[in-house]
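Two complexes, one shared chain (chain A), two partners (chain B, chain C).
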Partner chain A sequence: MNENVNVNSTYILSENVVARKIEGETILVPIGAGVGNLEEDLYTVNESGHAILSMLDGKRTLNDVVASLSSEYNVDKDEMKADVVGFTNELFWRKILVESS
Partner chain B sequence: MSDENGSQYMVKVKSTEYNIWEKKKPLLSSLQVELTERCNNNCIHCYINLAADSPKKKLELSTAEIKNVLDEAASLGCMEVVYTGGEPLLREDFEELYIHARKLGMRVTIRTNGTLLTAHLAELFTRIPPLEPIVITVYGMTRSTYDAVTRTPGSFDAFRRGIDLLTEHHVPFKLISMLIPINLKDSDSFEAWLAQLPCEDKSPSYNDLLLDLRARRESDKNNVIRHIRFSPEQALAIQNRMGGDKSEMREFCAKFMGLAGNTLFNCGAGLGVKISLDAYGNLQPCLQLRHPDAIYDLKNGSIKDALTEFFPGLRGMKTENPAYLARCARCFLKGLCEQCPGKSWMEHGTLDTPVDYLCEFAHLQAQDLGLLEKGEKAWEVEDWKERVNNLSSNT
Partner chain C sequence: MNHHRQSPAINTKKIDVLSISNAEFIGLMKDILARGASFRFSAGGLSMAPFIRDGDVVTIEPLKHGLSYGGIYAFIYPESGKLIVHRLIGRKNGKFIFKGDNNIEAENNVPLENVLGKVVRMERGKMNVRFGLGMERIVISFMSGKNLLSVMTNMAYRINRFKKKVLLCL
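On to the complex of A and B.
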């Protein structure tokens, strides 16, 4: 996986994906082909992932997300940055997230 | 750290294996939507079809009404919608309704005869995959057999074109054969054809051998279906020819057999695991049951109210019908017998009349498994528990 997200950029859920919250579970459902590795896959996101994903609204940069979450959860900024960048990278290379203009 | 299957933040699951009902028990997990009762075929055996130009078209739910239903279904946790009919592709707004369901994050199963599939639809299913195989019913393997069942000249060729289109566009599909005496001779060639098709699921699948009568209880069409459907003896012979090893059936019986008592609903009907919406806005506990006392007018209510108030009340119903209490209530073949309010509705227009056709078949199966002697009535058997235990110990 390439490190290709930029901490000064903003990211948002692709229009080819729907994030559904059902009974406390976040499920990412692809709409269009080409999302993830195979069209027929879903992704279930845990609580940590959901906390990050919910802040990726196309307005906050990754640095903004890191600052906000590290303050809210009282976590060291470098540690939070590793989590946020790592998860965003994962969603980005699976085409679940796109960089917003 | 992440790999092909996810990471510490998320897990990849195969869409067709993700069962939200088992995992999370939302209020609603799957919704069957009968987009229309109309069909472009005129199948001799069908339980629901109206002519494609039926005047009942004007009574069907509008595009906006169906979208509202889907919106509420999604809000209740629904992950799957099944578009069925009649022939769902007859709806001019099918594409719009399909995309709406997918954009709500639902998987869509399309149950179709395949004859109305076009290159445009195949491209749509490639661009926006349904996440479930398209289910196509096969009525015969030759032009003469197929068209004899559908009573629609040209339907076989249109069906094969539909399959070719899906194959060319790599759209997953599943074939289900339905058997009646007219097309029984085609079953071997169906299995041979299925084996060489590029579909993922190559295991032969068949509709119920015991054909349902009409959901709207039209007597003239019911007379035809009664005449063409297999007798219980014929159905058992076919089942045995196709079913192979009986140990699975014995295990199933051992697990689910018992007395039904005066409780009418011993199935999942009316539970959020799957309910049905007819073409005119009535929610049904299942696709078959359309008794006026068992359906919910969604135009004047909500899915949530149906699931939390109406259907639970329905499922709590007890019968006082002496015929049912004398037979079905005391019969241990529950699980083996298909008797249910839906079947009672289709055969008799009631919720609780024993259906002789199903009873005979269940008894024949029970004899075949060694649970009953010939001539014995299961509701008169007192040592049924011992017989069922012996059955499971012989598996």
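On to the complex of A and C.
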């Protein structure tokens, strides 16, 4: 997987993905070819992933998200940055997140 | 420093391993249909047999026009709040009447706002099933409304079972 995300950029959930929080997990259903297909594998995101995902609103940069979450969870900034960048990168690579302009 | 924080993770799962309630499933379907996309899922139950069998995969499309007689629709039944996929067999006082082809009882008084979408495709294994969605749906709907369909299905099942027994004896 290539590193594609930029900490100074803003990201948002793709309009081709429906997200819904169900019993502590966030379910992500990609809409491919105009179909939300529950017969295909669905993505699930844990609580920590949900915390990051919910802050990616297309307005806050990844740096903003790192600062906010490291303060909220009392976690070292470098450690949080590695988590946020790694996670965002994976979602970006899977086309779940898109860079917002 | 919080050392108990879980690392963020994304996984892939099949829908059947997720414990999704009826209400959550309806919410997911509504969210997807609201995007103008179709919703494809595995239908359970025998109420629409033989046209939709247990485990058949159906595709629901958002409503584009009005409802058509004999069409199969996904709706929330006001009495139970449950998601049902049944055939439209009539209309009374501005509300719709649906019925499972294989059921005796119909679902009455379903308002338009409870109808989520229309079945446009049915798949059984790798096969597309078309029978029951074309013009024949009007006859099926009429017969279902008169409870003739469940009687015929039952008879066909008995004849089939009898045939198998005879073949086994030969």
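As a working rule, the second predicted complex is superposed on the first by the 94 of 101 C-alpha atoms of A that agree within 3 Å, B and C clash if a C-alpha of one lies under 4 Å from a C-alpha of the other, contacts with A are read in each partner's own complex, and residues count from 1 in each chain.
Just so it is clear, contacts are C-beta pairs under 8 Å (C-beta built on N, C-alpha and C of every residue); 3 or more make two chains touch, one makes a residue touch a chain.
Here the structure is a predicted model, which means the values were calculated and not measured.
> What is the contact status of A:Glu23 with respect to chain B (first) and chain C (second): first, second, both, or neither?
The answer is both, since A:Glu23 touches chain B and chain C.
> By the touch definition at the top of the document, which applies to A:Glu99: first (chain B), second (chain C), both, or neither?
Once the two structures are laid over each other on A, A:Glu99 reaches no partner at all.
> Considering only touches as defined above, state whether A:Tyr43 meets chain B (first), chain C (second), both or neither.
both
> Just to be sure I read the superposition right, which of the two partners does A:Ile31 touch: chain B = first, chain C = second, or both, or neither?
both
> Give one of first, second, both or neither to describe whether A:Val75 is in contact with chain B, with chain C, with both, or with none.
Only chain C is touched by A:Val75; chain B is not.
> Touching chain B and also chain C: which chain A residues?
Correct list for chain A: 18, 20, 22-23, 25, 27-29, 31, 36-37, 39, 41-46, 48-49, 52, 83, 86-87, 90.
> Across the complex, what residues on chain C touch chain A?
Within the complex, chain C contacts chain A at residues 1-2, 5-15, 18-20, 24, 27-28, 31-32, 35-42, 57, 59.
> For the complex, which residues does chain A have touching chain C?
15, 18, 20, 22-23, 25, 27-29, 31, 34-39, 41-49, 51-52, 73-76, 83-84, 86-87, 90-91, 94, 96
> Given the complex with chain B, which residues does chain A contribute to the contact?
1, 18-20, 22-25, 27-33, 36-37, 39-46, 48-49, 52, 83, 86-87, 90
> Give the list of chain B residues in touch with chain A in this complex.
1-2, 4, 6-16, 18, 20, 23-26, 74, 77, 79, 102-107, 126-129, 131, 172
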